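Have a look at these structures, which come just after this line.
Consider the two complexes below, in which chain A is the common component and chain B and chain C are the respective partners.
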Partner chain A sequence: MTYLGDVAALARTSLLLELRSRDTVPALLLFVVSALVVFRFALPADASDLAAIGLLWIAVVFTAILALTRAFVAEREGRVLDGLVLAPCDRSAIWLGKALGVLAFLLVAEAIALPAFGLFFAPVDGATVAAFLLADLGIAAVGTLLAAIAAVSRARELLLPLLFLPLVIPVVVGGVGASVEPDPGRYLAFLGLYDGIFAILAWATFEYVVTE
Partner chain B sequence: MIRARGLERRFGETRALAGLDLDVPRGGFLSVAGPNGSGKSTLLALLAGLLAPTRGSLEVDADRAEIGYLAHEGLVYRELTAVENLELYGRLYRVPERRERIGMLLERHGLWEVRHRRVSAFSRGMAQRLALCRTLLHDPRLLLLDEPYSALDDDGARLLDAHLAELAGERTLVVATHDPARIRSLASSELVLA
Partner chain C sequence: MLLLAGIALAFYWVPMAPLEGFRQRIFYIHVPVALTAYACFGWGAWKGLRLLWTRDQRHDLESYTAIHIGTIFGILTLVTGSIWARTSWGVWWSWGERQLVLFLVLFLFYSAYFMLRYSVDPGPRRANMSAVYALFGVVLIPISFLAIRLAEDLIHPVVFDRDVGTNLAGSQLFTFVVCLAGMLVLAAALYLNELTGKRVDARLRELRESLA
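What follows is the complex of A and B.
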């Protein structure tokens, strides 16, 4: 209970900071809608909806990079991350609290992106929504770990996409597969497996990322 | 409580601390002086466990819950209020009766009236007072204070003098300062880094 209480306190802090600064969410919403507008005009008129679905996944992945780039900004200022690392709580709670905050941002962005996609292209089906929910878990898990690695480096804006994009390829494969295949079950299972493996890896390794 | 032998820390090619031997007994008060870049902050970060030695050995007989570390920066969220920051740290440090403890510290350090104000609206001196409250919140056995008088006005500095006088002998203190004369009467030993 203490561990979950720490996670809840840290996640609440993340959300509270965002509510106060209103930096990340408006930027994410603007970015994802702008990307869909650009794709609407970039695709030929006779392009299939399948191609558009692929672009939707790309828009969401790049939106996630924006969210992750901002994830540890508040902790970098005033070296708050050092303060949290020194506290006697389990350090993985810092990762989990922050990952829940990132997950909330992604869900808000998709709550806008998916209806906007339906407006510009075609409505998404239940399998696509399920794929996005599973993808969000994996993106938040692995992305928060990588954001912490990038946060303690000097070239953080460059480093995060370089680390994140190769690791998120399986998410795109699984997500697009679940969105376009008639039987999405195995792709959804693949996303679930990815989430499980990377959540455990990130949970177990976060301590070594934030300490020497 | 603290024992270092041949302690060295490098940042790339730069040697921040070289071949330091150090013994601080339980209840000791070590004053650390030296010019800018002499390694005072590096030494405190090593003692806190934020940095690992490049060479040599370091033993600190205190776990994370027993260490209070005051850095140059406050280690507090700028967009949280003073109370919200201390509530978060109080929870993470498992401080018993933390509301009362937070109230007592804020009152003592002259921040009670501004407890619901965000840190971003604080002056440097107020932020330093809050950083001191955060450092003392869990009543640590080992206090590592890096330039604790920095940005404090006369009242704040006198308050800190009184606080250090209370803690001296009861807690182990390592205080890095540009003004060792201020704490000389309290310190049991002095280290001057070159």
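What follows is the complex of A and C.
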């Protein structure tokens, strides 16, 4: 099979696993809306909408951690990861397929979160949407690799946030900056830089993470 | 021997340049410590890369030791930076201080490195993962620095003005270079010391197992 064929197959598997359990999308909807309501109560009365945007980004980061924890759960439980690795495909295709699955999850979550945020707080502008899209790419790229590492470890759900959060700090900076500042260009460019560098690094090194 | 030389170099020369008051002296320790930490992280990442290239397991221990030393120097950077902040501006911590914030992020990142190592069983798998993570770390350093610089506009304007300046007088520059050299030598000595110690431990264990 060609490389892209492998990737498509893996991505489809990830997506099917998510969508087959019918409760995923409604659960996600509920989670996002609940989080936003909690934020409303967490902010002081005279807080600006800008502060709320910061919290929206936090919500996305933690939703991402959820998505990533789920990304390799099926493999770990069925020991399928070893089987995937043994398959005669380029290992980085596993990474790409999984990352696309995570990306899809994040996009659905944001499709819910951003309108809900617009309803509860203030509408989001184009730069914010662009920022979220760019951030999703970076999060999916880096997070998938880290999730593969965490899946093999003993600490699992504890380890993933530990590994992930320091690496996601630049994404949050770029994202909040693009959402809040009047001139979002720099921040969007920075997000693009982050995505490019870390996607290449993750793509190149994923093979070593899953093999010996 | 090397250790003594390092310490002697690092501390003996400091009294040589008391030009701007006693408080400024910590600069000669703080910045070399920070630069040495960067060097250690870079060396750790390099050894990680060598591991992935050659699959020679010796590099794993070298990478781990380098990052261990680097983290210690990182903690020292945070501590000395905090002391400097306290003596210069009266606060123990300042978010406007880029180097400190960067080191905080790096400290979190490399602490997660050790969590990673403890939660995966020893072996080539762990070595690979650690190497990949070390590479991510070294890429994170410049990206984080950029992010922090961008974030300064968001969080709050830089209130404190650092009086170090890039134009050091002749004797100050000399002192600085000597201190830097001393710190690097110290780090190298600690690195070799720890590496040898660990190798001896491993060898001892091997011998014991083969005798039993």
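In this section, the second predicted complex is superposed on the first by the 204 of 212 C-alpha atoms of A that agree within 3 Å, B and C clash if a C-alpha of one lies under 4 Å from a C-alpha of the other, contacts with A are read in each partner's own complex, and residues count from 1 in each chain.
The rule is short, and it goes like this: a contact is a pair of C-beta atoms (placed from the backbone, for glycine too) under 8 Å apart; a residue touches a chain by one contact, two chains touch by 3 or more.
Every value quoted in this text rests on a predicted model; they were computed, and no experiment measured them.
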Winner by number of chain A residues touched, once chain B and chain C are compared: C
Contacts of A:165 with chain B and chain C, given as first, second, both or neither: second
Which of chain B and chain C A:212 touches, first, second, both or neither: both
Partner chain in contact with A:13 - chain B first, chain C second, else both or neither: first
First (chain B), second (chain C), both or neither touched by A:41: neither
Touched partner set for A:5, first chain B, second chain C, both or neither: first
Overlapping contact positions on chain A, where the chain C interface meets the chain B interface: 211-212
Chain A to chain B touching residues, read off their complex: 2, 5-6, 9-10, 13, 16-17, 20-21, 74, 77-80, 82-89, 211-212
Complex contact set, residues of chain B against chain A: 48-52, 63-65, 67, 69, 71, 73-80, 84, 88-89, 91-94, 118-119, 134
Chain C contact footprint on chain A (complex, rising order): 142, 145, 149, 152-155, 158-159, 162-163, 165-167, 169-170, 173-174, 176-177, 180-181, 186-187, 190, 193-194, 197-198, 201, 205, 208-209, 211-212
Chain A contact footprint on chain C (complex, rising order): 52, 105-106, 108-109, 111-112, 115-116, 119-121, 123-125, 128-129, 131-133, 135-136, 139-140, 143-144, 146-148, 150-151, 153-154
